[in-house]
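What follows is a set of structures to go through.
The following pair of complexes shares a single chain, subunit A, combined with subunit B in the former and subunit C in the latter.
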Partner chain A sequence: MINLQDMRDTARNMLAKNEVRGVIGYRRSTNGMLAEPVVITKPEQADELIWDPTCFHNLSLYLVEDRKFLAHTRAKADLPIAIIAKGCDARSTVVLMQENYFERKDVYIIGVSCEGTGVLDERKLVKKGIRATNSAFDGDDFVFTTEQGEQRIPAREVMADRCLECRECFPKEHNIVLGEDKTGRQLDAPFTALKRFEELDPAARWEFWDHQFERCIRCFACRSVCPMCYCDECIVDSTSFPVTGQTTADEKANRVKWIERSATRAENMTYHMTRVLHLAGRCIDCNECERVCPVNIPLRLLNNKMEREAREQFGYEPGASIGGPSLTASFLDTDPGKFIR
Partner chain B sequence: MEKILAKNKLDDWVAALSDWQVSAPIMEDDIWSYKASKGKVQLEHSNTVQPPKGFSFPQREVFFSFEQIKGQPPRLTPIQPKAARHAVFGVRPCDGAGAVRMDTVFNDQFQDNYYQARRSNVAYVGLACNKPQGINCFCQSVGGSPVSSQGMDVLMTDLGDRYYVAAVTETGKALMTAGGKVFGEPSADDKKKLKQTHADALAQPQRAINNVDAVPAKLKASFDSPLWEELARACIGCGACTFLCPTCHCFDINDENTSSSPLRGNRVRTWDNCQFPDFTMHTSGHNPRENQGARLRQRVNHKFQYFHENFGMSQCTGCGRCITECSVGVDIVNVVNKVTEHVG
Partner chain C sequence: MSEQQAEVTTDYEPRIVAFLCKWCSSAGSDLAGVSRIQYPSNATPITVPCTGSISPNYILSALKKGADGVLVSGCHIGDCHYIEGNFLARRKIHLVKELLGFVGIEQDRFRMSWVSAAEGAKYSQVIKDFVEDLRPLGPQTKVKAGRS
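And then the complex of A and B:
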């Protein structure tokens, strides 16, 4: 069991001793029982930190935000920033460092092990008809406070799919870590959800995605929440075309627009295909993109497909090592494709 | 016109609306959305994830198509929205109030014909909320009510085994008249029950904006508050809160080419939103709303200050969607309360 007091004490001490600029963690939101991301900068704020099954957010996104802020304000940071990181969050932090987004010395990783469980999938809870006002970890169970009193549910019944299939629920890359390493406790085999989906024949799969892409409203929550979607200019943004004093009206009118603003099926599909390719070998399956989608588009299936492809073709594991080769910027002598050799 | 409709007669009413395309909330992909009813209407929904605003203000509207053939003058072909008559069932009072806001915006100094062409063919058949639909409802803080008929053509109230159905507009009367014999006359007992149900609904606890009448002035005084940036610290700048809001109406207009030679395409209006970083980006590269704090301030002030100044009402109708659907806990009630708390 993670001792919340340890987490708070760690944060408090580091801030008090001026070892870090801030700690990115979770606090209770005002939206029901959910946690929300917070950056605390003063020791006395440490008691705001919480740790419960709704701490699903991948906080490494805020490492990216922090970097962008520093770059934008041309500020210098002498101290590292600390982050509370689950296994998946630590893996995405590794990817960011592998890509030199920041250096290892810039972050202090306070790892938290997911131990026997992972985090909650709120939708599964809603489906069970449970309206809770609080949630807590307890061994292999989640304990919810409801109007009818306390309700104990085996975690695996309401856990996020990614957690059921998690291969590494312990943040290997860390400065300090809270909780025990229970990696290997995998409840479902990796890619279980994907395999289930692939049992459908191609026509049915096509119809499925047709329907899904038709529904996307292009709010870009999936992109905005992803720590690896850090491009300053995303191809979907209207600002991705640099305009200078010399740019003519014709050039503006005829600029290449990779993707139109219209949220039509074809444009949506282009967006999602681009996104998933840009995330190949980088996505570490935190599943934030799917979680934040207001209309429940199952993006994890796309990400997982790429992940499995990379693993089967090249034995590639995203987020495994800071110094290791990256999927798209390296090649193997043993590459199965002849054209590359 | 006030009538009684037995719940098992609801489909008969829908069937009688042969001149109308009927839409109602349907549970699909684990969310409630307005969909063509296919003859079956069940009003057991909590509020839909997307409000009904798309019926009159779709995410994509084509204004005209253009064509430029060498040696010929450019040719523009205006496109008017196809005007199917739509009856939308199960609309919640916050979304009815939303329609009033949208109508106000699109008919203010300029009448938007595209909006109007659709809107004049949409009828809202509302359903009162006997209980709040979610934990983030606050309609009563923003001049609304869970039993309000604002923006509706008909308002239905669930009385257990029957609906109390009241026409609000002439269109509403026509819808009910089309139903003919499916309706019964309300008894004295039904009327008593209606009153009680509405009173109970109004007494249900909701979230609250503190000291709401003072909010516009206090926000005005807080433009430079450092709280905006602090409260927006977790915001990821997505479009969830605005795209799902029943009253957000910002749009962008683009030419979308379908062919480059000869040049052909459409001029298209699409939803836009003030939370996207490029929303206020100038061609020069300068962005007057530089950070997410400024963007949050725009969203909140538009709802709670500017709209008051322009139209004398809150733009926010308290549906709670932007709170529930925000993935990182940005909460408009909390933001308004926090920002206004310390202003004298």
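And then the complex of A and C:
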């Protein structure tokens, strides 16, 4: 069991001793049950921190935000910033360091083990008809506070799919870590959901995706929430081609635009294919993209497809090591080539 | 087969966009030409410096603009002008191919081959085979952008 007091004390001490600039963690949101991300910068704020099954956000996103803010304000940070990191958050932090987005010394990782469980999938709780005001970890169960009193539910019934299939529920990369290492407690085999989907024949798969790509409203929430989608200029934006009154028709026609803004099926599809290819070998399955999608596009299937190809065909595990090569900028002599004529 | 279908299959000429590397496959296609080897004219070649320089967006873009099939062709493994470009391409293109299949696009619409500068005959064969495999699939409409 993770002792919340330990987490708060760690944060308080580090801030009091001026060892870090701030601590990225979770606090209670105004929404009642749910946690929300917070950056605390003063020791007395440490008691705001919480740790419960609704801490599903991938906080490494705020390491990226922090770096962008520093760059934007031309500020220099002489102290590291601390982050509360679950296994998946730690893996994405590793990917960011592997890509030299920041250095190891710039962050202090307070790892938290998911131990026997993982985090909540709100949708599963709603399906059970439970309206809770609070949630807590307790061994293999989640305990919810509802109007009818306390309700204890086996965690695996309401956990996020990614947690059920989690390959590493312990943050290997850390400065300190809270909780026990229970890696190997996998409740479902990795890629269970993906395998189920792949049993469909190609025509049925197309029917499924055709519908999904049609539905996407291109709000780009999936991109905004992803710690790996940090490019200042995304391929779907045309910020380097501002159209002004002076822009001629020729210039407009000749600019390179891989993906149009209109949310039509073909453009949406190109966006999603590009997104998932740009994340191949980098996505660590925190599933934030799918969680924030307002219209429930099953993005995890696409992400997982790439992850499994990388693992099975190229022996590549995203977020495994800071110094390791990246998936698409490296190769092995043994890479599959049978498909080439 | 209804009359209309029969008409579609006879009239339909698949359009192929072929990304050919400058050093091998593009030269190979040239050789096919100067050697007067007959092959279908369905492929529009686009020369690129190296298969390793091909972004998945080239492929997606071709499909979006209505190509019925996309070919990527470069130097044999070990012969890359830039030493390792085709190794990188092999990995990247594998992912693209898997992804296209995953969402239900016919895998035969996408093809990769190694054709050296000396293999004019092989190039013509690759195109012939591709056209034959594309024909039964009919026009590609899945990724193609509609103007509706």
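Points worth noting:
Note that in this section the second predicted complex is superposed on the first by the 325 of 341 C-alpha atoms of A that agree within 3 Å, B and C clash if a C-alpha of one lies under 4 Å from a C-alpha of the other, contacts with A are read in each partner's own complex, and residues count from 1 in each chain.
Keep in mind that, in the parts below, a residue touches a chain if its C-beta (ideal position, glycine included) is under 8 Å from a C-beta of that chain, and two chains touch if they have at least 3 such contacts.
If you're wondering where the values come from, they're calculated on a predicted model, not measured in any experiment.
Look at subunit A after the overlay: subunit B and subunit C fit there side by side. Contacts of A:249 after superposition: neither subunit B nor subunit C is touched.
In the superposed model, A:203 makes contact with subunit C only, not with subunit B.
When the two complexes are overlaid on their common chain A, residue A:264 makes contact with subunit B and with subunit C alike.
When the two complexes are overlaid on their common chain A, residue A:75 makes contact with neither subunit B nor subunit C. When the two complexes are laid over each other on chain A, the CA centres of subunit B and subunit C sit 90 degrees apart as seen from the CA centre of subunit A, to the nearest 10. Of the two partner chains placed by the overlay, only subunit B lies in contact with A:291; subunit C stays clear of it. In the superposed model, A:123 lies in contact with subunit B only, and not with subunit C.
Between subunit B and subunit C in the chain A overlay, the least Cα distance found is 6 Å. Subunit A residues in contact with subunit B (one complex) as well as with subunit C (other complex) are 260, 264. Taken together, the subunit A residues at the contact with subunit B in this complex read 29-32, 34-39, 57, 61-62, 123, 127, 215, 217-221, 223-225, 237-239, 243, 253-254, 257, 260-264, 288, 291-292, 294-296. Those residues of subunit A whose C-beta lies close enough to touch subunit C in the complex are 198, 202-210, 235, 258, 260, 264-267, 269-270, 273-274, 276-277, 280, 302, 305-306, 309-310, 313-314, 327-331, 333, 335-337, 339-341. The touching residues of subunit B, when paired with subunit A in their complex, are 29-31, 33, 49-50, 59-60, 135-136, 233-234, 236-240, 243-244, 252, 254-256, 260, 268, 270-272, 276-278, 281, 283-285, 323-329, 331, 333-334. Partner subunit A is touched in their complex by these residues of subunit C: 56-57, 60-61, 64, 77, 84, 87-88, 90-92, 94-106, 111-114, 126, 129, 142-146.
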